[in-house]
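Each of the next two complexes has chain A plus one other chain: chain B in the first, chain C in the second.
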Partner chain A sequence: MTALPSTTAQSGLPTDPPTPDGPRRAVVVGGNRIPFARAGGPYVRSSNQDMLTAALDGLVARFGLAGEQIGEVAAGAVLKHSKDFNLTREAVLGSALASGTPAYDVQMACATGMETVVGLANKIRLGQIDSAVAGGVDSTSDAPIAVSDPLRRALLDLSRAKSTQARLAALARVRPGHLAPAAPTTAEPRTGLSMGEHQALTTAAWGITREAQDELAAASHHRLAAAYERGFFDDLMTPYRGLTRDANLRTDTSVEKLATLKPVFGKGLDTPATMTAGNSTPLSDGASTVLLASDAWAAERGLPVLASVVDAQAAAVDFLHGREGLLMAGAYAVPRLLARNGLTLQDFDLYEIHEAFAATVLSNLAAWDDERFCTERLGLDKPLGTIDRSRLNVVGSSVAAGHPFAATGGRIVATLAKLLAEKGPGSRGLVSVCAAGGQGVAMILEAA
Partner chain B sequence: MTSGVDGADGADVPAPDDPATLRTDVELPGVPGLGGLYARGVAASARLAALSRLGRASDRLPGVAYVVRGVRADPDRLTAYQHLLGEPASDALPAGYVHVLAFPVATALMVRDDFPLPLAGMVHLANRVQQHRAPVLGEPLDVRAHAQDLRRHRSGAQVDLVTEVRSGGDVVWRGVSTYLAKGVRLPAGRSGAETPDAGSGGGRRGGRPEFVPPVPTGQWSLGADAGRRYAAVSGDRNPIHLSRVTARAMGFPRAIAHGMLTASRALADVGRARGDAFAWTVEFAKPVLLPARVTVRVAPDLAGGGYAYTGWDGRCGALHLHGTVVPR
Partner chain C sequence: MTDTYLTLVNTGVTKTIAKRLGLPRPVPLRRHRPGQPLTGGPVLVLHDDASARDADVVAGQLVGWDLDVRRHAASAERYGAVVLVLTGAAHPEDLSAPVLAAAGTLRSLESAGRVVTLSRPATADDGPAVAAARQGVDGLLRSLAKELRAGATGNGVVVADGVPVDAPSVLGALRFFLSTRSAFVDGQPLAVDSAGGALPGDWDRPLAGRVAVVTGAARGIGAAIAATLARDGATVVAVDVPAAGEQLARVANSVHGSALQLDITAPDAGERILAHTLSRHGRLDVVVHNAGITRDRLLANMEPDRWDSVLAVNIAAQLRIDEALLAARGTRDGVLADAPRIVSLASTSGIAGNRGQTNYAASKGGVIGMVRATAPLLADAGGTANAVAPGFVETEMTARIPALTRQVARRLNSLQQGGQPVDVAEAVAFLASPQAGGILGRTLRVCGQNLVGA
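And now, the complex of A and B:
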């Protein structure tokens, strides 16, 4: 038995333990993602593990982490094959990181990426680890498909069959009807409504107009395009499979062009249908990672520190019985986060609200500026008020970039951390990401 | 064999005016199989149809109640039922599953030679359940079923099948199923008369206000095999639910969903907010032709204090069912 390398033994020990005054900071060093593709696009044959490994290796290359043992890597996927029971650990083993790097999977629907950042940042703050990689990946192109029970039983018998006759007998039991696959959908299991139909109910309830949605969607594309033009994503992205930019980005789109699209959600309601493919996120493939660390760990390696993870808050709402919209949990998470940190909604330089749909962002904003919502549902004295829209999703968001479910949190955290670093010390950013199941996660980042 | 006097049926039920409120309990050795009952029912229905044509339809219900003691739920069937309906797979029996357990006992009563209405083609108009507590897996249950309140309906005759489920002598669950036999003419002057819109769930066509679909909260996707799947967990293999061919033989263009499948799905959608003791009602309107997408609203009923639910066809706006679940 050979002795373990000294780095393995040493790296388990925090180099700057928490102070008596409280936990130390957890900081965002940087991030890396692969460009997001549209479903059926250039990543059509790429698995979740392929894409997560690619994003991870890009991060390792950018920060010179090859052969390093990281405290922990946490990532996840929303649409996950049963064979990927150890998705993140397998990605680590296939990456340039030291194989002694522990890894685990997290799954919180579209908030998966956010939750990996929250959990790992907390471990760093508590002194349990010094460094971490948070991430997420999703493929709607390579999504798992379940087969019918009769087909599954026949296939299992086939695999156990010893003779040609037995194999034929197993195959002969398969009927055409058994071949119908059960592909994952974005339908909520308990309501049977797709995410778009759920948002359409919320959109109608808040009276969000088609024009407002198309404006937000056009801005998302234009801002993302401008960010690419100024090279903003150069140190946040590694090209993959021929893609160098998010495939969904339409630099030449406009409010006029978006206005020509036919509505796809909310057509059965008695209010005008306003949600189109243009102001909704497309099904996407992609992966993202974020490098988190203690200040000391980053300093030892001469790595930059973009922002600190100040605090985070999850919330969930009852969307089953018409009490609240499926994607409105962020509207509840944010005020709790503000209260705990003694901040108002206006105390931020930048806001990142995940554009599951343009209408999701607008519904959240409308709710925060609504007296009745804020007093009755949030229990506040007065509305949270409005925000300066020029500070919201300043380099575009999911409508333009795409939304590989679990990868969105990592995209947003790395993007906002860099934006805050550009703004300068003390600048503050707020993130809110909604998720299936009526959940949401909000987070405060502050430039380091 | 014992004789029993029916207890009060609850304030929402008109006083029974059947000639025989005194009924004799007939104890059956076990829960009868529904397959055999349907076969007998079809044969009896032909005989009743002939009598009806001759103007000799009876207006008297059987003077007996059927009793089966020591009925127990089967764990595998319970699990399959809970998975299909979206109920938590706990050891507590969903109220719809208790209906499934007890249903053959009531059906056995309806295929008796002296039951005046034909089983074949019978339409389930409404259902009311009072659950005092949820029976649990392994608990021996005594089931008693009788028919009451045979009365006229604008398009035939209707009757209530009352099923009580007891544990240790206490009623834990009581269900009243209202059925319509279309085209059956009860003798004129028959008391009970027409009760088209009575709370007991008579026919709802006459004078019913136009149905305006509310804001939905969900949608049920019921495949072409929904009837077969519910039949597998409930044992109710009434041919109108099984396939297009068998449904056509009974006068429907396609297989129709079991009413209790939709009502039980609504009960599951209410979730744990219903508590352990509740009243659960449903009135069925237009049958759900399979395959179907039923748009639903399941939401707190501010007027009633519990939950109200409605299911309708999202495309044509036709009402399929509506009801309430009120915790007690």
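And now, the complex of A and C:
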């Protein structure tokens, strides 16, 4: 060892601390995910922990990190068993990473994966850690099933009861109806409406046509298929349980085929129902991870630097009183992010807008090009305008790939980082991911 | 893949029955574990009169390896190995004394015993009697190996004229044949062509500091090669097709290496191997071309796709990758720069032929030719290229052979059993080692002395 100042990796201190000019960069080194399966498919017996561990191990293998101690790992799941209170730490312990790698769980609905990237990138920028793995996982096949609240209360009282009389009293409160299990749903707790029904309201409000949705859905499939064809995912994905591609991908779909599907959401509205299984995301199982680092950490290991995490912004909207659509928060997060970074909506080479539904993307785009929305709701003096659609979701998105809720952020960040690296230094990408609870997270990445 | 027959003839009442019936009774072979003694007992070094000096040199070296070395056969002794130094033999009559002295020791050879001959190759420049003596050793060795039992093997080191018997590759090959690393190598004369190569600092970790790429590393022989090279100290880049990524990740992580999901038939495969290996590990010293496929058909029924795909994966991809790597040698630091090694997987099918495998045998014969022509291209940096030709090895691939055919195939060698992937891996690791630098463009069979073929 040369006699450098005391900032060595061994001392646990960052090797390139933040400069007086501001924080250092946090960069995306690469990513790994397992192919996304449809609910009830090949991952039906895989737990969230199994899938997250597999995604981590594939990442570790790709970057030769077996036995290494990473600064921190953060991941999460939307549908989570109570026994998985330490899901990410347990996955790390079961992985090839050194057991001294700390880990924590994050939960922000479908923006979970995005939020893990934001938090960890900030820690790297501040010099608190040099390396990190962000990620997320979800299984709709192995979802937790809870007992009803009355049964749960009765059982808890029973466990606390000290006399036979008290025990009998607790049990006597149980009625047959209480025994029905409570399965998780995508319904909003405060409105009782499913996510699809919420989007149907927004879709109708913005007048998004069936044709436009099917067109976007077909493009998603075709672009994802083309990306597989050119080997784009060879260093972003590790097969799992015999699945080598996203199971939802339909290479041979077309606008015509999609047009034959019956609408499933918005059937009770006055306007024609336009949202089908084909232009919505299916329930999915899968996991994703992203390797983040400081430039120095990556350079020491000869690891690539795909892009830097420039900035991120969360937003939330009031969807309860019909003032805004449930999945429209991204439309609010993006302009704040643009303003802070002195950019316009057109200053990007690539856009990744999460396709919760094809109509979600189209509603966001419509809103940004709407004078009234931009001035009244966003407080801007003119619309953000349109984007070049050929730059949007260029290798497909959730409608084709599937959407294991917490895994989508990691999928998008790793995919976009690689796309930007392919485009060359300085190219810039914008991400927007909507989430339950009227929330959304937007992010800017820039090719390193 | 378990060999039930092998278990049956070595346990309980079925062992007795097999013995009474005179059935073939293969024994479980002893395999290498670090720290294990080199031989199972004392080593007897015998020689013909003209080889006395070479025998002294060899015996001295064996003593240096902490072996209990004897120079005269004692009838009551159980030897772990017998080394026959015949390098000076000038007439077939010269073989008589040392060979007959060895004969008396064979019945009491320790299990997994070793007989190793050291001799010179017969060439057209030799006098007829010299050539007869030298070529005679070859016939002696191959026959003796067929007579040995209980996991014992016989192999030969054939040392080119002018190369001293203490040259690194002579000692390296001798040690390899004496050790359990060569458990499934039997009846093989291995040529040492030059005094090149270097003895390793640590015989247990000869590949320390070296970076090795292994193709087809996700399973079977490739996974064993990755594990064995890593055990010997190498940093391993494990390569396999994207579809095998799950197993590949497991292999890479278990050896603390890195995984590269890559179809080796891609036009830019060599460049992608270079980019990954140089960026992650800074250098590339060893390439093991292990990836291979079979698409068996009688030639009369051969579809073009079956022929083409086998040739594409098993030989054309290796050629293209080597071309890219060799081209990068001059221009990029760390590429096959210091004592580089290319080890390629051939097959006994490529030597002896195999019905239904014209495509496979063409590709594997191609490998044998390729390494012979590639070795000189690496000579400037003390490098070499060699091949390993496995016989019947217990893998997922051979598990698909129909049961009866498989049982027969297993017994058709002197050790009367199939080899394990690690047996092939040990031979690859030896040829990748610094001590193999004097072995130039050769093919080493790992086949238990398969009864078919050369």
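Following the convention adopted for this analysis, the second predicted complex is superposed on the first by the 407 of 448 C-alpha atoms of A that agree within 3 Å, B and C clash if a C-alpha of one lies under 4 Å from a C-alpha of the other, contacts with A are read in each partner's own complex, and residues count from 1 in each chain.
Here is the rule we use: a contact is a pair of C-beta atoms (placed from the backbone, for glycine too) under 8 Å apart; a residue touches a chain by one contact, two chains touch by 3 or more.
This one's a predicted model, so the numbers in the text were calculated from it and none came from an experiment.
J.: Chain A superposed: clash or fit between chain B and chain C?
T.: Here chain B and chain C can both sit on chain A without a clash.
J.: Given the superposition on chain A, which partner contacts more residues in chain A: chain B or chain C?
T.: C
J.: Regarding the shared-chain residue A:A339, is it in contact with chain B (first), chain C (second), both, or neither?
T.: neither
J.: So, does A:G67 touch the first partner chain B, the second partner chain C, both, or neither?
T.: second
J.: Measure off the angle at the C-alpha centre of chain A toward the C-alpha centres of chain B and chain C in the combined model, and quote it in steps of 10°.
T.: With chain A as the vertex, the angle is 150 degrees.
J.: So, A:L171: does it touch chain B (first), chain C (second), both, or neither?
T.: neither
J.: Can A:G58 be said to touch chain B (first), chain C (second), both, or neither?
T.: Touch partner of A:G58: chain C, not chain B.
J.: For A:L303 in the superposed arrangement: first (chain B), second (chain C), both or neither?
T.: It touches chain C, and chain B stays clear.
J.: Could you say whether A:L320 touches chain B, chain C, both of them, or neither, answering first, second, both or neither?
T.: First partner only.
J.: Of the two partner chains, chain B (first) and chain C (second), which one does A:L201 touch, if any: first, second, both, or neither?
T.: first
J.: For A:L179 in the superposed arrangement: first (chain B), second (chain C), both or neither?
T.: Neither: A:L179 stays clear of chain B and chain C.
J.: Look at the superposition and give the distance in whole angstrom between the closest pair of CA atoms, one from chain B and one from chain C.
T.: Chain B and chain C, overlaid via chain A, are at closest 44 Å apart by C-alpha.
J.: In the complex of these two chains, what residues of chain A are touching chain B?
T.: Per the stated touch rule, the residues are 188, 190-193, 197, 201, 204, 268-270, 320-323.
J.: Quick one: which bits of chain B touch chain A in the complex? Just the residue numbers, please.
T.: On the chain B side, the touching residues are 86, 213, 215-221, 269-271, 273, 295, 297-300, 307, 314-315.
J.: Could you list, by residue number, the parts of chain A that touch chain C in their complex?
T.: Against chain C, the touching part of chain A is residues 54, 57-58, 60-64, 66-67, 96, 231, 233-235, 237-241, 244, 301-304.
J.: In their shared complex, at which residues does chain C touch chain A?
T.: Contacts found on chain C: 238, 242-246, 248-250, 252-263, 266, 278-282.
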